[in-house]
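All remarks here apply to the structure that follows.
Read from first to last, the chains carry the letters A, B and C; within each, the first residue is number 1.
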Amino acid sequence: MAAASQRRSRGLIALTTGFVMLWVVIASFPFLWTLWGSFKVQGDFFSKADWMNALWGTFTRAETGGAFTGAGYEGAWIEQEFWRAVLNTAIVVFFTVVISLTLGTLGGFALARSGYRYAFWLLMIALVFRAMPHITLVSGYLLPFFEWNLWGHLPTTIIVLVAINQPFTLWMLHSFFLNIPKDLDESAMVDGCTRFQAFWHVIIPVMWPGVITTGLFSFLLAYNDFAVTAMLLSQENQTMVPKIASFLGTTQVEGNVMFAVAAVVSAMVPLFFLIMFFQRQIVSGLTAGAVKG
Amino acid sequence: MNMWKTTVLGSAMAILSGTTAMAGCGIEGGSVRILSNDFPALHAVAAGAEACAGDGVEVSKNQTADHRDIQVAALTANPAQYTVAVVANSSIVPLMNDGLIRPLDDLVAEHGGQLLPTQLITIDGKVMAVAFMANAQHLFYRSDILEQVGADVPSTYEEVIAVAQAIRDAGIMENPYAMNTAAGWNLAEEFVNMYMGTGASFFEAGSAAVSINNESGVAALNMLKALNEYADPDFLTFDSNATQALWEGGELAMATMWGSRGGAILDDEGSTAEVVGSTVLSAAPTFGGGDVPASTLWWDGFTIAANISDEDAEASFIAMMNGISTEMVQANNDKAVWLIDGYQPGPASAGVAATAQAGAKPYPMLPYMGILHTVLGNELADFLQGNESAEQALADIEAAYTAAAKEQGFL
Amino acid sequence: MPHRTFLWFIFPSLLAMILFIALPIGSVIVQSLYIEHEQVVKTVENCGPFGCEEETTVDAEATAAIREAEPLGRFNGIGTYLNRSHLAVEEVRQAWAESESLGAFFGRLMNLPFYKALAFTLTYTFVVTPLVLVAGLFIALAVNSIPSRLKGPTIFVSLLPMIVTPLIGSLILFWMIDARGIIGASLQNLMDDPSLSLKASPTLTWLTLIAYGVWHSAPFSFIVFYAGLQTVPEETLEAAMIDGASRWERVRYVVIPYMAPLVVFITLMQLMDNFRVFEPIVGFSAAANATSLSYIIYNDLRGDYQQFGSAAATSVLTILGVAVLLTPVLIRTWRDFNRKRA
C-alpha cells in the first residue's frame, strides 16, 4: 500500500491519525468504562450521587476493603453458574453457524447460477421475509412448540436461528458466488462432473473467504440474539444473553446488576480472540466480493 | 479450595435434606414442573418444592422474568408444559380467561392444613390460587430531612407536596420526591394507584366499558403531575432501579416505591449510614380527602394447570405446600412480606403492612384490566410532559382502550 | 441451471424458510383479519388476602364452546388495520376535517399511536442510514491509512460497538448519559448548563437514540467499506493522480464510484434494520418521547394481556413499510439481474 498514490501530506496524516484516535476513543470508551466498573460494587458503578465514585471506588472500599473487587465475577461464574450458559451458547452458536453456512452455500450457489427469473424473486421474497419483526415470529412459535413438545430444547432454537438468518446468508453468499467465474464449475461439468460434484471439487476450495465473512455475521446474530433465546429456551438450556438479562432484576425486585456487568465483560473475551484470529480472513473475505452486487 | 469444600458440602447437605424432606412430602409419584418469576423469594419457594424430588417424583423449574409471556401458551398445550404457574393478581387473569388452571378446593381440603384462610384466592366460590407473599407501593421518607423542615410524616399526597415545597424552599434539595414513572407499565401502575385512592371504579358496573374519563380521573392525573413537579425532569425514565439508586445516593427525601425494594434499601450496601439510618417505610398516602390509600395491594401465589393428570396435580400441590412451609419462611424471613404462618414482620415490611391495614384495595382482577394498563402506559406520558390537557389524555385513553377491547371481544 | 438441480440445491434452505418464516407470516396475516369472539363475562365474588371484591370474570366454559365452533375468531376483514391503534382512518379523516392549519392536523396525527411511532421510525431510518454510510466510509479511509501493525487492534476496537450485546450496551450507556453519569455530567460542564438532561426532552431523546444508532451500526458499514477499499485498483488511482487529481478528488471520483455496489448493500441492510429499531428504545427507557413500530408490537405482545391480533396487524404494516422502502433498491437489483442474464 506504499504506492505513490498513497503518499500524502503531513497535514493529512495528522488529520487521519487524529480521526482514527477519536473514533477509537468513541468506539471503545463505553467498553473500557464497563471493564473498569466491573471490578466495583453497584453503589459505585451505578451511582446517582456522583459518577466519580466509580473512579475512586468509595463504596467498593467501604464494602469490600479494597479499591477493586471480583465479587461480580465470582457471583456470576460460581454462584450463578454462568459457565453453563457459556456452554449452551457455544453449542447454539457452533451449530447455528455450521448449519446456516451449509444450507446457505448450497442455496446461494443455486441462486447465483440459476439465471431464471424465479431465482430473483425468491431472493427478493427472502429479503422481505427478513423484515418480519422477530418478536412476532417468536410469539407465533410458542403454542405449536409447546403442543409438540419442541419447546425449551437447544436444537429447536438452533433451527429457528438458522431459518431467521437464512435470508441474509443467502443474499450474501449468492453475491459471493456471482463473483466466482461461471467457467470454473461449467468446465468441470464439461469434464463429466455432475453439478454437485463440480460444486464439491471446484467451488468449495475457492469459496472460503466469502463463507468466513458470512459466518461472522451468522455468529454475531446467534451470539447476541435475545428475542428468540429468551422465549424459546428453558432455564437449564439458557444461553448467555437471557442469562445476563435475568441478572438485571424486575420492577419489584432488585437484581444483581454487577453480575450482569461482569458477565458482559466475560462474554466479550472470546469475541476478542475470534476477531484477532479471523480479522485477515474477514477482510479478505469481503474483498472477494460479497457485496458487490 | 475453600469454595470447593462449601460447594461439595452444600450439595451433600442438599441431598441429605432432600431425602428426609421427601419422606415428609409423602408424594406417591408424578411430575412437578414449576414456572415462575426469577427472584430470591421465589428461589426459596422453588427450592422447598425441589426437596420433594426423588423416588418416582420429578421436580423441575423454569424461573424467568419472561414467565408472563410464555405462561398462556405453555399451559394451553395438552399436557401442559408446566404443572405449577406462580402468578400475581394481574397475571392470573389471562390463565383464568382461557380456563387453564384448575380449582384447588379438594387439594386444599386434603393437603392444605397449614394454610391460613387469608391465603386462599377464591374466585366465584372456588379456590383458584394459593397466595404466599404480598407487595404494594408505599411511602419511603427520610426522617432526618423531615425533621430539618419540621414536618410530620405526610399521610396525604397534598401533605407530600407541602413537605416537598418546604424542602425545596429550605434549599436542601431541588427535587426531593420521586415515584416509578417510567413510561409504560410503571407509569400506568402509578395512575392505577392514584385512581384507586379516589374510590371510583375503572369500569362501568358489570361491563367492560371504561369509566375513568370523569372528575376522579382528572383529579388523579393532576395529582400525578403536581407530584412530579418535585421530581427530577428525567422522571419519565424512572423505573425501580433508578428510584432505588436515587434514594441510596441520598438524592431524595420522599419517594413512592415498591415495598419489596425495602430490604435492598435498608441493607448496608450501596448507601451511606446517614441515608439508611434515617429511612422509614410508611403507609401509602391518601389524596383528595379520600380515606383509602392511593395504592394497590399485590399478592404472589401459585396455581395448578388444568391440562395435566390428577396425579401430577396432587404431586404439584404437595410439593408447593413444602415450598411455602413455615420452616421455609423462618429460614428466609426477610426476603419478602410473607402471608404464611410463622412470618415475623420486620422494618422492611412495615410499609406494606401499614398500607394494607389502612384499607388499600387489591389490584383489580378483571379480564380487561391488562388492556387498560397497557393503554395507560402508552398514553399518559404526553399529559405529564405538558403536551395535552388531562381531559384530552383521558379521552385518548378511552378511545385507545375501546379499540383494543373491541379487538379482544370485550365490547 | 436446470430447474431440478436448482430445487435440490435450494431445498434445505427453502424448507427452513418456509417452515419458520413463511408459514408464521401466513398465519400472522390470517390472524390480523380476525378478532376475538365476544367474551362471555359474569360477575362473581373474588376473595383473597385483602378481603372480598365483586368482580367480573370470563366464563371460560361458555367462551370455550364458542371458540370450539370457530377457532379463528370473528372475521373482521381489514377492520383491525383501520382502527385507532393502527391506521386510524376515521380519526385521521376527522382531524383533517376539523383542523384549520396543516400544523394542527399534524399535531392531532401525532396523538395517534401508529403515526407517532411511524414519525420516529422514519426519522430514525432516514437520518441514521446516511450517517452510518458516511461515518463508515470515513473510518474505513482513515483506518486504511494507518501503519499496518496497528490495523488489527484498531479493527477490533472499531467492531466493539456492533458486537456488544445491545441489551447491556444500551443499559450501560443509559447510566453514562444520566445527568449525574460521566457523559451527561461532562456535557453539562461543556455546555455550561447544569439543568441539561438528555432524557427529559423529546428532541434530546431523539438525538441520543440517533447517536446511539450511528455508533452501533457504523462498524458494519466500516468493515464492508474497509474490505472494499482493499480491492480498489492501484493503477486507476495512479492514473488519476498523474492527471492532477487531488486526494479528495481521487476519493470522490475513483474510490466512491468503485464502491457503489457496497453502498447499495449497506443501504439495503441498514434501511431494514433501522426500520425495525427497537432495542435502544427499551434500553434507554425512551418510550415517553420516542416509540417505533417494533416497539408497538413488543408492547402488544408483552405483559399480562397479549393482543395477538393487534400485533399481527402492526407486523404486516411493518413488512409493507419495509417493502416500500426497499422498492428503489429492488428495481436497481432487478435491472442488474436482467443485464447479467442478457
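In the analysis below, a residue touches a chain if its C-beta (ideal position, glycine included) is under 8 Å from a C-beta of that chain, and two chains touch if they have at least 3 such contacts.
Predicted model only: the values in this text are computed from it and were never measured.
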If you average all the Cα positions, which chain's own average lands nearest? C
Hey, which pair has more contacts between C-betas, A-B or B-C? B-C
Comparing centres built from CA atoms, which chain ends up most distant from chain A? B
Chain A-chain C separation of Cα centroids, rounded to whole Å: 18
Return the distance between the CA-based centres of chain A and chain B, expressed in whole Å. 36
Taking each chain's centre as the mean of its CA atoms, chain B sits from chain C at a distance in Å of 33
So which stretches of chain B touch two or more other chains? 69, 185, 239, 249
Multi-partner residues in chain A (2 or more other chains touched) are 46-50, 139, 245, 248
For chain C, residue numbers touching 2 or more other chains are 178, 180, 301, 306
In their shared complex, chain A is touched by residues of chain C numbered 1, 3, 5-6, 8-10, 12-14, 16-17, 19-22, 24-25, 27-28, 138-139, 141-146, 148, 152, 154-169, 171-173, 175-176, 178, 180-182, 185, 215, 219, 223-224, 226-228, 230-231, 234, 237-238, 240-241, 247, 250, 261-262, 264-266, 268-269, 272, 275-276, 278-279, 293-294, 297-298, 301, 306, 308, 311-312, 315, 318-319, 322-323, 326, 330, 333-334, 336-337, 340-341
Looking at the complex, which residues from chain B come into contact with chain C? 68-69, 72, 89-91, 93-94, 96-99, 118-125, 131, 134, 182-185, 187, 206, 208, 232-234, 236-237, 239, 249, 297, 299, 339, 356, 360-362, 364-371, 373-374, 377-378, 381-382, 384-385, 388, 392, 396, 399-400, 402-404, 406-410
Of all residues in chain B, those that touch chain A in their complex: 3, 37-41, 61-66, 69-70, 73-74, 76-78, 80-81, 135, 180, 185-186, 239-242, 244-246, 248-251, 258, 260-261, 264, 268-271
Within the complex, chain B is touched by chain C residues 35-39, 41-51, 53, 55-58, 60-61, 63-64, 73-74, 76, 80, 83-85, 91, 111, 113, 178-180, 195, 197, 199-200, 202, 284-289, 291, 299-307, 309-310
For chain A, which residues are in contact with chain B within the complex? 41-43, 46-50, 59, 63, 78, 139, 142-143, 145-147, 149, 151-152, 230-231, 234-235, 242, 245-246, 248-255, 257
